[in-house]
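Each of the two complexes below includes chain A, the first together with chain B, the second together with chain C.
And then the complex of A and B:
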C-alpha cells in the first residue's frame, strides 16, 4: 500500500500556471539586456565567397556582431558536424550565418540588413534516398573526420548516410520462401514541427571574468551546459545553465539551440543578450520531426504466422545530425515491430539532405516506423482474410520472446493491452457504411544511456527540498518526483518542494527526454529519499534508544513499531540532526542503467540494447466522407502499460496529449518543402489540432510493474503518439477499402485513392 | 499618448505609441505577463484577454484605440484571495501542463461561460477554436470548463 504514490494529487506548478505567476525564459529580464537576432541563409547549399559585417557594426545601438564560426568549435549530438556560425558553406535555408546584439529589435534588424554576403550556389539534394545514390552532392565530405559516438553513430563513408543501424536475424530468403503471402509497400511520413507554445528562447550573460550564465527553455540543462562549454571553450564550472518554467518540449529542446549565439554575442560586449525565436524561425530554423521513407516486405504462412520481414528506412535528417543518428537507431529497433519474426533484415539510415535539421520528436523514430509496420500488418491480414486483431494476437511479442536484438524481453503486456483496446472500441460490433475501426500495437524503446542523480535535503522543520536536474516541461515530473520522495520519507506530498534545475547546484541529469524522467531519475530520487530516511531513523534511534530497524515514520512522528508510547516528532528529529550531527540530513541518489551493450554493427545483436521497452495498443473508429475525402475520427482508445501510475491524472494527461499529436500526424500536420524551403512556416498554414476537431479519447492503463524501477514505473510520455496514425489508416481501409501509404490522410489523398478504386470497379 | 485602462479592476495608465499592440503594452509597460506570445499571426490564442468583456487576441489589438477600456487577464481572475471556479477546475482536472497557453484558455473559458451559462462540451470546444494547446490534447480543458458549467458557478467577469 502506498500513501502518496498512485494518488491524483494536483501538480505543484499548477497554481502558478493558472494565476499567471509562472515564469518562463521569455520572462527573464536583466539590467542592460540586449536583444539578439540572426541572419539566416537564403540558400539551401552554397559556398560563402565573401562576407562583410563592417556596416552592420556601425548601426547605432548595435553592441556586437559575430559571424564566420564566431571562434566556436563544431558541435552536435552524437556527431559533431555542426558549425555554430559557418564560415565556408551553408547547408540549409534558414541556417544562421551572422548574429547581432543591439539595444532594440529594430537596430538589430537594420544591422542584419547591412550584412553583405556573396554566395556561390552548390548543387543540393532534398530526398534522402536520392541523397544515398552515387554522385549525389555530399553535404559533409569530411564526415568521417568529425568526432562521433561510435556506439550509435555509424556513418557510411563517402555518402550522405550519417548512420546505418542494421539488424539481422535468421535468413529472410528462407523466411519469405516459407511464406504463403507476402506484402511489399513503401510508406512515407512527412516532417512535422514540435510547435511548443513557448518558442525557443535564451538569455546569456558572459561576465568580464569569463563566467557564462544562461537562462534557457530546454529539456536538457546539462546537455546544453556541456555543449556550450565545448563550443566556447570554457570549463564546466564557468558555465551555469538555469532553467525556469519551460513551455513545452516534445523533443525540440533536447540539444543546444539558440544559446550559443546569445553566448557568443555576450562574450563580445559582456552584457546580457536575450534571443527568442519568432514562430517563423521555429519552423525554418529550429529542428523538426524526421520525414521518413520506409520500405516493408512482410511474409506469413497461410494460417497467419509471420515468417520474415525486410525493412529499409530512410530518416531524412536534414543538414546536420542533431539527434538524427539516434532517431534512426531507435526507429531501427522498431523495424520488425512488436512481433515475433524468425527472419529479420532491417536497415535504418539517417541521411543528410539540404533541409532544416531534423532531430528528436516525441516517439524518436518509432511513430514513422510503426506507421509502416502496422499498416503492412493489416494489409497482410487482409490478404490472408484473418481479422487484424486475431492476426496480431498470433504474432505479438510475449514475455520470454527474443527481440530483434536477440535480448529476451520481460514485462511484456502487448496481449493484455490489445485485448483491452479491442473491448473498449467495441471491435466486433457492426458498423454503418463508410465507418470502420482500426487498431495498432505500440512499442517504444527508452534511451540507452541515462545518468540520473538527485539530492534530498531535509530542512529543520522536516520540509524537504528535492534537488534534481530534470526540468519541468509540462509533463508533470516535478510532481511525480515529489510523490516518490514523500512516499519514502513518510511526509506529506506538499512538504516536498522540487527545485527547477540550475547546473551550479543541481546534480547531473540527462534531461527530460525519452520517457526517462520517472523511470531513471525516479530511481535516483528513490535512492536519495531512502538514504535520507535512513539518516532520519538513525538520528531518531539514538534519541529513542531503539534499533533503527524497529522504527517507522507515520504522520509526522517516528515511532517504535508496536510501542505507541515511544515516539519522537519528525521535526524534532530533523532539528536534532542539525545540532547533534552538525548539519542537515542530506540523501544522495544515483542511477545508471547497468549492462547496456552497444549493438553489433552488422547484426544489431546485444544482450541489452536499452533500459526498457514500453507497450500499448490503440484503436480508433473513423467515418469517411466519400464526397469530400474527409476522414473524421470519432473515438480513440489508447491502452498503455505504465507499470505503475505515480499520478493517474498526469498519466492520462500524457496519453491524451500524445494521442492528439498522433491525430495531427495522421490527418493534418506536414511541413511542405520546395527546394528545401519550408512553404508553410506559420500556424495559419501548418495545421496543428484544435479543440473542436478532437474526438473522445479514452485512456486505459494497464499496470504491470517493471521489476527494477521505483514502484514498478515505466515511461508514458511518448507511446500515445505512436499507434494513432496507423490505427487511423487501418480504420479508413476497413471503412472504404482504400490503403493510404503516405501521411497525412489529407482529403485530396483520400479522394484520389477513392477515385482509383471506383475506377477499378468500373 | 497616455493610455488609461481598468486593468483587472484597477485604474492604470501608461505611455503608449499609436501602433503598439495591447500585448506589448501589457508586457512592457504594465508588467502583466500571463497573456503570452506564441505566434506571429494571431493564431495561437496564448495572448487572449477580455477587452470590455470580449475575448480578443491582445497581440493584434492596437492599445491606443481602447483608451478607457476594461481589460481582464488571468492575474485578475482571483477574488478575495480565492481562485476563480475555472482556475479551480483546471487544477482539479489536470488541465494545465506546460502552462504557456493556460491563461489564454482561462480567458476563453470565462468568455464562453459568460455568454452561455450552460454550454455543452461541444459548444465549449468550439469556443476554444482560437486557442492552441500542444500538451493536454484539449480533453481535460473541455472537461474542466464543462464541470464549472454544470455546477453553474462560472461567475461574471465581463
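And then the complex of A and C:
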C-alpha cells in the first residue's frame, strides 16, 4: 500500500498557472538588457557571395551585430552538421544569417533591414525520396567529415541520407510466398508544428570574465549547456543554464534553439540579450515534426497470420539533422508495428532536404510509422474478411515474443489494452449509416543513454528540497517526483518542494523527453529519497537507542516498530541531526539503464535496444458527412499501460492532451510547403485543434507494473498521440468504404476519395 | 506591430464627419468597430493619415422597423443582430452568430463590414440575399444604392472618399407570406473566415409557394455574390427536391471561386451547391413545421 503514490494530488504548479504567477523565460528582465533579432535566409539553398553588416552596426541603439560562423563551432544532435550562423551556404528559407542586439525592437529590425547580402541561388530539393536519387543536389557534401554518434547516425556517403536504420529478420521473399493475401501501399504524413503556448525564448548574459548564464525555455538544460559550451568554446563550469517555468515542449525544445544567438550577441557587448521567437519564427525557423513517406508491403495467411512485412520509410529531416537521425532510428523500430512477424525487412531513412529542420516531436517517428502500419493492417484484415480487432489479437506481440531487434519482450499488455478499447467503444454494436468505429494499436520505444540523478535535502523542519535537472514543461513531472520522494520519506506531499533546474546546482539529467522523467529520473529520486531516509533514521536510532532497521516513519513521527511508546517527532530528529550531529541530511540517487547494446548496422539485432517499450490501444467512432467530406470524431477511447499511475489525474491529462494532438494530426494539422517555403506560418492559417472541436475522450489506464522501475511506472507522455490518426482513418474506412493514405483527413481529400469510389454523387 | 502615426478625430454628428471627410479625402479612413481596419493598420497594409471615429455619432445607432422594411444604422453591432428577434428578418440573427468570435461580434459593425467589402464577410452574402440597400451620404447629398450595385470588387465599393455609409435598409417580406432564413458556413476552424458562406432566404405563402427568394454567397468570388438566376428559379415554385436541386445547381454556377489554401475552386463550387440545397431543404422543413402547427 502506498500513501502518496497513486493519489490524485493537485499538481504543485496549479496555483501558479491558474493565477498567472508562473515565471517564464519571457518574464526574465535584467538591467541593461537588450533585445536580439535574427535575419533569416529568403533562399532555400544559396551560396552567400557577399555580406556587408557595416550599415547595420551604425544604427543608433545597436549594440552588437554577429554574422558568419568564425567564432562558433558547428553543432547538432547526433551529427554536428549545423553552423550557428552560416558563412558560406544557406540551406533553408528561414535559416538565421545575422543576429543583432539593440536597445529596442525597432532599432534591431532597422539594423537587419540594412544588412546587405548577395546570394547565388543553388539547386534545391524538397522531397526526401527525390533527395536520395543519384544526381540530387547535396546539402552536405562534407557529411562524412562531421562528428557523429555512430550508434544511431549512419549516413549513406555521397547522398542526402543522414541515417539509415535497418532491420532484417528471416527472409521476406519466403514470407510473402507463404502469404495468401498481400497489401501494398504508400502513406504520407505532413510536417507539423509543436505550437507550444510559450514560444522559444532565451536570455543570455556573457559577463566580462567569460562566464555565460542563460535563462531559457528548454526541455533539456544540460543538453543546452553542453551544446552552448561546445559552440562557444567554454568549459562546462563557465556555462550556467537556468530554466524558469516552461510553457510546453512536445519535443521542440530538446536541443539548443535561440540560445546560441543570444550568447554570441552578449559576448560582443557583455550586456544581457533577450530573444523571443515570434509565432511566425516558430513555424519557419524552429524545428517541426517530420514529414514522412512510408511504403508498406504486408502479407498474411488465409487464417490471418502475418507472414512478412517490408517497410521503407523516408523521414524528411530538412536542412539539418537536429534529431532526425534519432527519429528515423526510433521510427524504424516501429517498422513492423507491435506485431509478431516472422519475416521482416525495414529500412528507415532520415534525408536532408532544403526545408526547415525537422526534429523531435512527441512520439519520435512512431506516429508516422504506425499510421502506415495500422492502416495497412486494416486493409489486410478487410481483404481477408477478418474483423480488425480479431486480426490484431491474432498477431499482436505478447510477453516473451521476439521483437524486430531479436530481443525478448517483457511486460507487454497490448492484448489487455485492445480488449479494453474494444469494450469501451462498444465495438460490436450496430452503427447508423455513415458512422464507423476504428482501432489502432500503440507502441513506443524510450530513449537510451538516459542518465538521471537527483538530490534530496531534508531541512531542519523536515520539509524537503528535491533538486533535479529535468524541467517541468507542463507534463506534471515535478508533482510526480515530489510524490515519489514524499512516499519514501514518509512526509506529506506538500512538504516536498521541487526546484527548477539550474545546471550550476542541479545534478545532471538528460531532460524532459521521451517519456523518460518518471521512468528514469523517478528511479534516481527513489534512490536519493531512500538514502536521505536512511540518514534520518540513523539520526533517530542514535536518539531512540534502537537499531535503524527497527525504525519506521509514520505520520510525522519516527517510531520503533511494535513499541508505540518509543517515538520521536520527525522535525525534532531532523533538528537534532543538524544541531547535535552537525551534518546536513542529503541523499543522492542516480540511474542509467544498463545493458543497452547498439543495433547491428545490417540487421538491427540487439539483445536490448532501448530501456523499455510502452503499449496501448486507441479506438474511435466517427461520422462522415458524405456531401462535405467532413469527418467528425464522436468519441475517442485511449487505453494505455502506464505501469503504475503515480498520479491518475495527471496520467489521464497526459493522455487527453496527447489524443488532442493526435486528432490534430489526423484531421487538421499540416505545414504546407511551396519550394521549401512554409505557406501557412500563422495560427490563422495553421489549424491546431480548438476546444469546440474536441470530442469526448475516455482515457483508460492499464496498470501492469514494470519489473525494473520505481513502483512499476512506465512512460506516458507520448503514447497518446500515436495511433489516433490510423484509428480515425480505419473508422472512416469502415463508415464509408474509402481508404485515405495521406494525412490529414481534410474534407476535400475525403470528398475526392468518396467521389472516386462512387462516381459523382449525382 | 504598430501602425504608422495618424491623426484621430471623434466627431459627434454626421455633418462633422462629412466635413472631415471632405477635408482629408483619400487620406482619411472612417473607423467604427475597427475589427478589420486596425489589424490592417498594425500589419501596415493600411496607413491612413487620419482616422475619423464615428462611434460617437448617435444618428448612426438608430434602428427603425416599418411596414416597408427595416432600417439599421451603420453602427449596428453584429452582436445586436445575434440577439435581435425580428420574426420578419430571421436571416439576420441566423447570420450574426456565424461571424468570427464573440469579441469581434461585440465590437464589429454591419456598416463597417459592408464598407470594408471583404468578399469573405458574412454580412455581404446575407444582405444581398435580403436585397438590402445602403444609404450613402456626404454634406451635399444622400443616395440609396442597391447592395448588389454597391459592391464592385475585392475591398472596393462605389462609396466615394467623401461619403459615409449611414444606414442599411432591408425591404419587408411580402404580405401574406412567411419569411425563413438560413446561413450556412464552411470554416476550417472555429472563428475563421468562411471557406464558403451561403445565405438563403425565402418567403413562402400558405400553399408553400415561394413569393420571394434570396441567395447570397460569401468567399466564392471577388465580391459577395447574389445568385440571381437561382433566386428566379425558386419564385412561384414549391420547394420540392427537384426545384431545390435545380436552384442549388444554378447557385453553384453563379459562384466564381478561386483555388487557394482553403480549398480548390471545384470543391468550393460543390460546397455552394450542397449548402444551398441544405438551406432550402431546411426552409421547406421549417415551413412544414409552422404550417402543421398552425393547421
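Note that in this section the second predicted complex is superposed on the first by the 757 of 762 C-alpha atoms of A that agree within 3 Å, B and C clash if a C-alpha of one lies under 4 Å from a C-alpha of the other, contacts with A are read in each partner's own complex, and residues count from 1 in each chain.
Note that in this section a residue touches a chain if its C-beta (ideal position, glycine included) is under 8 Å from a C-beta of that chain, and two chains touch if they have at least 3 such contacts.
Because the structure is a prediction, the values reported are computed rather than measured.
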Fit or clash - chain C, chain B, common chain A: fit
Touched partner set for A:682, first chain B, second chain C, both or neither: first
In the superposition, chain B vs chain C on chain A residues touched: B
Touching partner for A:17 - first (chain B), second (chain C), both, neither: first
Partner chain in contact with A:690 - chain B first, chain C second, else both or neither: both
Partner chain(s) touched by A:571 [first = chain B, second = chain C, both, neither]: neither
Partner chain in contact with A:627 - chain B first, chain C second, else both or neither: second
Touching partner for A:182 - first (chain B), second (chain C), both, neither: neither
First (chain B), second (chain C), both or neither touched by A:751: second
Partner chain in contact with A:668 - chain B first, chain C second, else both or neither: second
Angular separation of chain B and chain C about chain A, which is computed from CA centres of the superposed model and rounded to the nearest 10 °: 40
Three-chain overlay, closest Cα atoms of chain B and chain C, distance in Å: 6
Residues of chain A that lie at the interface with chain B and also at the interface with chain C: 684, 690, 692
Chain C to chain A touching residues, read off their complex: 186, 188-192, 245, 261, 263-264, 267, 270-271, 274, 278
Chain A to chain B touching residues, read off their complex: 8, 10-11, 13-24, 26-27, 194-199, 245-248, 250, 278-280, 473-476, 649-650, 652-653, 656-661, 682-684, 688-692, 694, 696-697
Residue ranges of chain A in contact with chain C within the complex: 627-628, 668, 672, 679-680, 684-685, 687, 690, 692-693, 747-748, 751, 762
Contact set on chain B toward chain A in their complex: 32-34, 36-41, 43-44, 46, 73-75, 77-78, 83, 87, 90-94, 96-103, 106, 122, 124-126, 128-129, 131-142
